[in-house]
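Take a look at the structures listed below.
The two complexes that follow have chain A in common; it is paired with chain B in the first and with chain C in the second.
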Partner chain A sequence: MTISFLIIAALILAASVAAMTLRNLVHCALALAVAFAGLAAAYLQLNAQFVGFAQILVYVGAVAILIVFAVLLTRGGEAPERNVFSGDWKWGALVAALVFGTLAWAVKHSFASDRPLPTKAEVTVKQIGDALMTKYVLPLEVIGLLLTAAMIGAVIIAMKEEKK
Partner chain B sequence: MAEFFDQIFVNLKHWLLGFVPAQPDWLQPLATVVISVAAILGVFASLFAIATVIERKGLGRIQNRPGPNRVGIPFTDISLFGFGQPIADGIKALIKEDLVPRAADKVVHFLAPLAMFVPLALTLLVLPMGRNMTAMDIDAGLLFFFAVGAGAELAVFMAGWSSRNKYSLFGAMRAIAQMISYEIPFILSTVSVIMIAGTLSPVKIVEAQQTYNGWLPDWFVFTPWGLAAFLLFITAATAESNRSPFDLPEGESEIIAGYFIEYSGFKFAIFFMAEYFGMFAAGGMAATLFLGGYAAPVEWLNWIPSWAWFFAKTMGFIFFLIWIRGTVPRLRQDQLMNFAWKFMLPMALMTILAAASWHFIPDAFTRWLVSSTLVVAPYLLLGRGLLAGRQIGKRAYRYAD
Partner chain C sequence: MTPLAGYLILSAMLFCIGLAGALTRRNAIIVLIGIELMLNAANLNFIAFWRFSEHSEALTGIMFVIFSIGVAAAEAAVGLALIIAIYRHYKTTNVDEVNSLKG
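Moving on to the complex of A and B:
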């Protein structure tokens, strides 16, 4: 529990709360981008350079932009007229507490918590690349195929329909 | 002597660090970071000041006028060829009224210039600016460069949206569409270098280009795949920094000034500075990846300090951009998108193939032949194919004849 971790955790928490509570949708999207950046900082603090930078590149650079575009293209960035919170928040809080309790109990009693923590290994980007190209080459290819299929599908949906 | 000047800034930093007490143990790393960041900000801010004058003088020369040549040292008659202009510009930007539109989103409007400047300034940290002169020598430096640079896109949106001006929103949308499209060839064109050098660290990439073979240095630009990737990289970098001929986001004739219409005074100056920092970062990265970084072009020029070569190459890129800005007309939006997706993306993928063939063919002649064919053939095919069926003749003017 270092000072840098506390700062990053506070940033992520504050940004996430802001993303949930702000009234303006674009503000929420921007707060979410801050939360993404905070997560990247947390990864970097754990010495996971590749994951951290990929998080920034993908989430801050692409996903946040996508969200912002979606907000602007659908219903505009104006604030909603009525309150965004439901009236019976007490029930919601109860359900959330129950879910958290169940999950915490499950994690506490699972065999994963008995396992000793692995020693902190220095994983370089090169090692990740090697693993992706040798051991995990089949999953990588499958994901590539899936993404290509999804992209072709998106293009077909977006294509102009031929007039008959 | 050459060694002394080569390492003069490194030694200066160590000398300064000598004054920092060794206890507590977090003080020394903190001091290292502060000194490096202060040096980088100072040096590049001064370069920004010089580059604005060079840009205005260069554009002036291209347009047959002198450009700024009056302002010199204040209260004297020394004119310094107009290189005192940035001081006057800076004072003007500082004392101008800071106008914020009444309907603007105040907080986002205030944060946008900062959100633009910080990522672009951060990208400078990973550049090897001379032997042992890298502020942040990390394993995944290149990834850091692209990841952090992508943060500027969101800042463009923040500026355009928060101004509550339809032209600034248009400009932001144009800028984001352009930056996302050109980011793909921008990143893909560096993949060939990563493959050949076998590392993502800018320092190691530069070190891989330090040798000389006969009359040419072993820079990646002097290989078929390297030349193609270099041209793609600087084209995409021009588009990424929204410079002419890719300056549609600013398009004065259509949308006034793009996403920073509603910014005045020093906030505008920060946008301006961020744009130049982006150009410095792109130029420095182009030099690092393809032009040997801080290496001298010929062996007997190695007595010139390594940092001088790095900054000479970076400023060479700035000069190239100014030259382009003065001479090439702006693209149209559909041309811009077609160029990115139909030409630059396939070409960037071909450079990867060409680099792979370069790596696996041992014989020098064969690999030159195969690698060149893999670059030139798609270039010709794509160029011919995209222009097929289009009548491109002399330009006809409807009203001006």
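Moving on to the complex of A and C:
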């Protein structure tokens, strides 16, 4: 439990709470970008450099900006609604609290979480690339196909309907 | 609290914040943001378990997270396209008002 972990954890939690509670949708999207950047810092601290930079590229660079675009296209950034939470928000909060209680109980009583930090060599990008091109080449092709299909599908769904 | 337990608790908190937001907010875009936070909590769990495992040279955790990030990017693109299509049809992104299947 180091100081850096506590700082990163506080940053992630504060930014995600802000992303879920702020009234202005653009502010929510920017708080989400901060939370994603904090998660990238957590990955770097866990020695997963490649994943950390992929997180910054994909989430901070693409997903957060895509959400800002969607907010502006749907005019959600203009007028804050009267009530941002739905009518029965208490039940949702209760369900989330129960889920957290269950997860925390499971983590606290699990023998797996007592593991010490293993000291080991760094994982290089070369190793990851080798694994992607040999052992994981089929999932890589499938994910490429999935991304292509998702891109075409997103364009077709968001395309303007033809006037009949 | 051990280091791994710290990361697991952080991930659980992140998941529950996302779950609470997805269940309680009215705007469909915020619901999607909550789902993204839940996906990221799962990714943090994968990386934490990979880092504390004995056989980290197998790269399983890292590979799972890389593919998970790819799937999440596809999900975000399609989800936001759906929200834009719904907005064009109903003129709202409030999920409480989008309540008919054949509008």
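Please note the rule applied: the second predicted complex is superposed on the first by the 119 of 164 C-alpha atoms of A that agree within 3 Å, B and C clash if a C-alpha of one lies under 4 Å from a C-alpha of the other, contacts with A are read in each partner's own complex, and residues count from 1 in each chain.
The criterion applied here is as follows: a residue touches a chain if its C-beta (ideal position, glycine included) is under 8 Å from a C-beta of that chain, and two chains touch if they have at least 3 such contacts.
Quantities reported herein were computed from a predicted structural model and do not represent experimental measurements.
In the superposed model, A:Leu30 lies in contact with chain B only, and not with chain C. Judged by the touch definition given at the top, the superposed model places A:Ile56 against chain B, while chain C stays out of reach. Looking at the shared chain after the overlay, A:Thr124 reaches chain B, while chain C stays out of its contact range. Of the two partner chains placed by the overlay, only chain C lies in contact with A:Ile12; chain B stays clear of it.
When the shared chain is aligned, chain C comes close enough to touch A:Ala70, but chain B does not. In the overlay built on the shared chain, the residue A:Asn47 is in contact with chain C alone; chain B does not reach it. Within the superposed three-chain model, A:Ala97 lies in touch with chain C and out of touch with chain B [touch as defined at top]. If you count the residues of chain A touched by chain B and by chain C, you find the higher number for C. Judged by the document's definition of touching, chain A residues 50, 54, 62, 69 lie at the interface with chain B and also at the interface with chain C. Across the complex, chain A meets chain C through its residues 1-2, 5, 9, 12-13, 16-17, 19-21, 25, 28-29, 32, 35-36, 39, 42-43, 46-48, 50-51, 54-55, 58-59, 62-63, 66-67, 69-71, 73-74, 76, 81, 83-87, 89, 91-93, 95-97, 99-100, 103-104, 107-108, 112-118, 120, 123, 127-128, 131-132, 136, 139, 143, 146-147, 149-151, 153-155, 157-158, 160-161. Taken together, the chain B residues at the contact with chain A in this complex read 105, 108, 138-140, 143-144, 146-148, 150-151, 153-154, 157-158, 161, 176, 180, 183, 198-200. Residue ranges of chain A in contact with chain B, taken from their complex: 24, 26-27, 30, 33, 37, 40, 49-50, 53-54, 56-57, 60-62, 64-65, 68-69, 72, 77, 124-126.
The residues of chain C lying in touch with chain A in their complex are 1-10, 12-21, 23-27, 29-30, 32-34, 36-37, 40, 43-44, 47-48, 50-54, 56-57, 59, 61-63, 65-67, 69-78, 80-85, 87-88, 93-96.
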